[in-house]
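The two complexes that follow have chain A in common; it is paired with chain B in the first and with chain C in the second.
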Partner chain A sequence: MTSAAMIQVRDLVKTYGDKNALNGVSFDARAGEILGLLGPNGAGKSTTMKILTTYLSATSGSVTVDGMDAAANPLAVRAMLGYLPESTPLYSDMAVYDYLLWCGEMRGLARADVRKRMAEVARVVGLENVMGQVIGTLSKGYKQRVGLAQAMLHNPKILILDEPTSGLDPNQIIEIRNLIRSLGQNHTLILSSHNLAEVRQICDRVVIIHQGAVVADGTLDELEGRVASRHHLIVGVQTTPQQDAEALRTLLAQTPGAVRVSFSHSSQAPVPTAFFDVEADTDIRTALFERIRGADLTLLELRRKSLDLEGIFQSLTQSV
Partner chain B sequence: MYDVPHTSIWPLRQKPDARVTPHPSQDVRMSLPSRRQRIAALARLELTDSLRSRWLQFAAAVYILVFGAFVWLGLRESSVLGFTGLSRVVLNVANATVVAVPLVALVATCQSIAKARTSGHLELLFTQPTQRNDWFIGLLLARLVVLLGPLVALLATTAVVGLVTTGQDASLLPMVVHALLVSTSLVLAYVGLGLLVSAIAQSLERAVVYALLVWLASVALHDFALIGVLLQWHVPAPVVFALAAMNPVEAARLAVLASVDPELSVLGPVGFWIANELGANLAYFFGLAWPATVGIVSLLIAARLVRKGDAVR
Partner chain C sequence: MKPVWILARREMAATFDSPIAYIAGTLFLVATGLLFFFGLGGTDDFFAGREATVRPLFDYAPWVLAVILPAVTMRLLAEEKRQGTLELLVTLPVTDLQIVLGKLLGAVGFLVVALAMTLVLPALVLSIGHPDIGAIVGGYVGLLLIGTTFLALGVMASTWTQNQIVAFIVGLMLCMFFWTATDALLRLVFDQPPPALALLSFQSQFADFARGVIDLRSVLYFLSVTTLAVLASTYALRSRHWQ
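Take a look at the complex of A and B:
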């Protein structure tokens, strides 16, 4: 199972002009672990991955890979990892065979080993039938497999996969997920995803990044436990066309004990209702009821919410 | 087992042994390739890409078209600057090449870096154990091969054919050598400028626009247009000539003609002024060295831009 940290990320800062893409990101990825990087669009996941792969240099902070400082030993670190970028940029005019052969050469694989490895990897990712085909003629799923094949060709200790299932159809997603899961038996694996169900299925641990900072780091059980210590409520208030959701949200947020209140959605039928997610340190159902009644509003629904990964994610990445 | 088609541009290799375990072996022998090996592999990748993009065919077609036109014209009995037959062809080809090379070279290079960047190829490439400088050198080598290869082949063939058929034409071989030197210098200039444009441009569309501006500047800075405009504003003649001479196309044209006869009025006002100021040999040297210098400086700046942001120092 997991052991010492294979990757240590410490206080990573990346600025583009006057914009901070990362504000002191720190986390570890342990050997033999599948770590999920989660976060909304623009949270800093891809920037973090690009720094891990040494494609980008950090403005400050450090990345240590297998005990080596990545900034000081980038070539050695690059040799140690395989990377699948989000868009899978491949040479579309090359045959799969030619491309993988070239990758093997660039990775410094011994001549005798390249073809053997190609055969192994082709078998693992299911490329055997298309090795002679030009990459541009392959389906998105097969291109993703080629991307995975090049990443694992040199049998790296670490695999970094950026949104590995994006754009795939449901069958392809299942296949790629199973593949990633099996790869996790032999590699340290970091993957980013929006898809919480995918993270739940694949990852041993999750790091949630929001606005360039780590807002949660732990196993799914740990995160659920942490967030479950709070009270999460769903509140439905009858609205009139004149009432706007923001005013109602502010009203609820002023309830003593409320930590976070966010507008969820509104329903038009049969009675127009605005729904809110309320997070509190204590059970504030009575106080909420009194507040809504005091404002001469009609409470249509008030119940505790059971938290899943989506709830945790939402809770950690939505502002008050 | 899988089938590798013969259409692959790589040599057909032994098919891999499919009798392997489904999980990767742990005993992969791997050692980081040397810098030379990395550059060679990257150059081959870029060359392969160029061949598939048909840049080589495009460059070859332009040169053959120019050459064919002048062979048809040059083998007649008329003479230019005292040259007849193949010598005349080569002289004319050299002159025409000076005009064609900027456009061909800019078209073949102006999008290369921007395209690799926007398509994400660089992101994937630089997670391989290689440096950005290696890729840049590989890209440069591939483009030089694509742009100079057909010209070298064409001129070398001409020299051989000329020597075999008209062995007494003593001016042919020197003419071929001059044409090659001038073309190489000019190709270097515009490959450098093209790659610089590509490194600066943030999008493919901008790269094309910048390249067009460079090409227009090359045309506009050609003798008469520039002289006409600047004399209209009463700029001193030496300044006008010096500015015009900064144009690599003008300098290369000067080298071609100076290699024939530096005293001739066909050098044009700028060429004549330079030949007068510097002397015949220096004028020829300037015509060769200036485009190459422009190219090398542009390449150094482009390489620096490509290297920017790399974790590898």
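Take a look at the complex of A and C:
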């Protein structure tokens, strides 16, 4: 809790016809933090972002940006925001250069200033080589960079990015994630995702939205700690023809502290290995290691099982 | 007003980047040219008339404009909606009204270019005779006004749908309705339409211009219809908030 809230969202309700898209969403984004909105498709992430950016109005509730009510001062709030909507809509008939110049001028920057900013932004997002190219001919990764470039062109205090890495290939995802991470140093950043690994990598804090309501708000470690009262481990032990998995399972189950041990699967490559899921009330990794070594077996893998998004959702939504 | 101008410039560039501008422009020039010289079914053949007048241009051009201008405006907002770019456009620090005005102004740019290309017809008439210059100036002012009104109706139709074809057909129907039906409807109801109501007819409002009379009431009339269409378009854009 280092700095004041740059964005305050309070009790947002949004109804489309008789369907409730948001049922009272509240959260804060602090200045200079990267906040992840996490949730499955249709949870209400995009609707929340559309209201934050003043594209839509909430049925009730309020959004305050830097002390200003967004619904009452839409133009002032938009001037402070950079926005990348889902699936990056761009004018495909324009050249990158012309498009960015146009965006800057529409935002009221002088032509000379836009050009200067364009050069900086193009360098940051890696667009320098395609500035003359027509947007429609660019790869998806480059289009995403153009979308990011237009969002940060006017050096806004706040960046709102809706699923910034969806539809990209793994290399592009890594690049865009690194880029976002670096942007977070100078901006307040809200991004949405349904990818837990991505949020873990990029975000300082997470707000989890499920069926139009906030089900959790905190750092991912906090949330996982809250959800996982037990320690889940994955153990891989090298097997020999004499041993069957059941014998190994019994052996592991005798480890002090182990509550439940179940055989998960086996694999033959590169060496024959049996994998087990181990549940314990405390961290029994040392005991497990000693037990396996004591039985003259080879430990090939021992790691904590991190919860996947579905697991977190299940736990959180069941507990709410 | 600056964002309006910046938006209009982009729209005009986009219009002239697309084949629609060239198809619509060519259609306009060919149709008005043919009608100017030969009339409908040779009824008023320019060469047979032996009169140095530009009048046929002003008789026929509004009909052609009512057909081709909705093709120019159909893309303006329907395409933004379909591609999702509307979301970026309306979250720029500009008002919905500025967006509609920018789109309209860009389309007016096309209209001005199209009308300018027909100037060859009065130039031709001027070279062979002494036509009424006042009527030519008045006629062009009238075409600019009625064309702008058609464009505003087309923009309005484009805010109602994400389908360009639907936008075109609705725009065409609106333009044709205002151009032809106001008069016909009035005559259907009244033997002698009351003067106040007769003012609602596009055709009677336009007729003065072609005679070289720039009547302030007619100017205000077309500007009022344009304003109403612009406001309705702005309202349609705003309606996203309560849908």
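Keep in mind that, in the parts below, the second predicted complex is superposed on the first by the 229 of 320 C-alpha atoms of A that agree within 3 Å, B and C clash if a C-alpha of one lies under 4 Å from a C-alpha of the other, contacts with A are read in each partner's own complex, and residues count from 1 in each chain.
In the analysis below, a residue touches a chain if its C-beta (ideal position, glycine included) is under 8 Å from a C-beta of that chain, and two chains touch if they have at least 3 such contacts.
In this text the structure is predicted, and so the values were computed from the model without any measurement.
Partners chain B and chain C clash in the overlay (superposition on chain A). By the document's definition of touching, of the two partners only chain B reaches A:A95; chain C does not. In the overlay built on the shared chain, the residue A:D113 is in contact with chain B alone; chain C does not reach it.
Of the two partner chains placed by superposition, only chain B is touched by A:M131; chain C is not. Of the two partner chains, chain C is the only one that A:Y16 touches; chain B does not reach it. Ranked by how many residues of chain A each touches, chain B and chain C are led by B. In the superposition on chain A, A:K50 makes contact with both chain B and chain C. Look at A:R123: by the touch rule set out above, it reaches chain B but stays clear of chain C.
Once the two complexes are overlaid on the shared chain, A:P85 sits against chain B and chain C alike.
Once chain A of one complex is fitted onto chain A of the other, the partner contacts of A:N186 are limited to chain B, with no touch recorded for chain C.
The interface of chain A with chain B overlaps its interface with chain C at residues 50, 53-57, 75-76, 78-79, 81, 83, 85, 87, 89-91, 93-94, 102-103, 105-108, 150.
Here chain A touches chain B in the complex through residues 50, 53-57, 70-71, 74-76, 78-79, 81-83, 85-91, 93-95, 97-98, 101-103, 105-110, 112-113, 115-124, 127-132, 150, 152, 154-155, 186, going by the rule given at the top.
Those residues of chain C that touch chain A in the shared complex are 2-3, 6-7, 10, 14, 17-18, 83-88, 90-95, 240-243.
The part of chain A that touches chain C in the complex is made up of residues 16, 50, 53-57, 75-76, 78-79, 81, 83, 85, 87, 89-94, 102-103, 105-108, 150.
Across the interface of their complex, chain A is touched by residues 1-5, 8-10, 13-18, 20-26, 28-33, 37-38, 41-42, 44-45, 48-49, 52-53, 119-124, 126-131, 309-312 of chain B.
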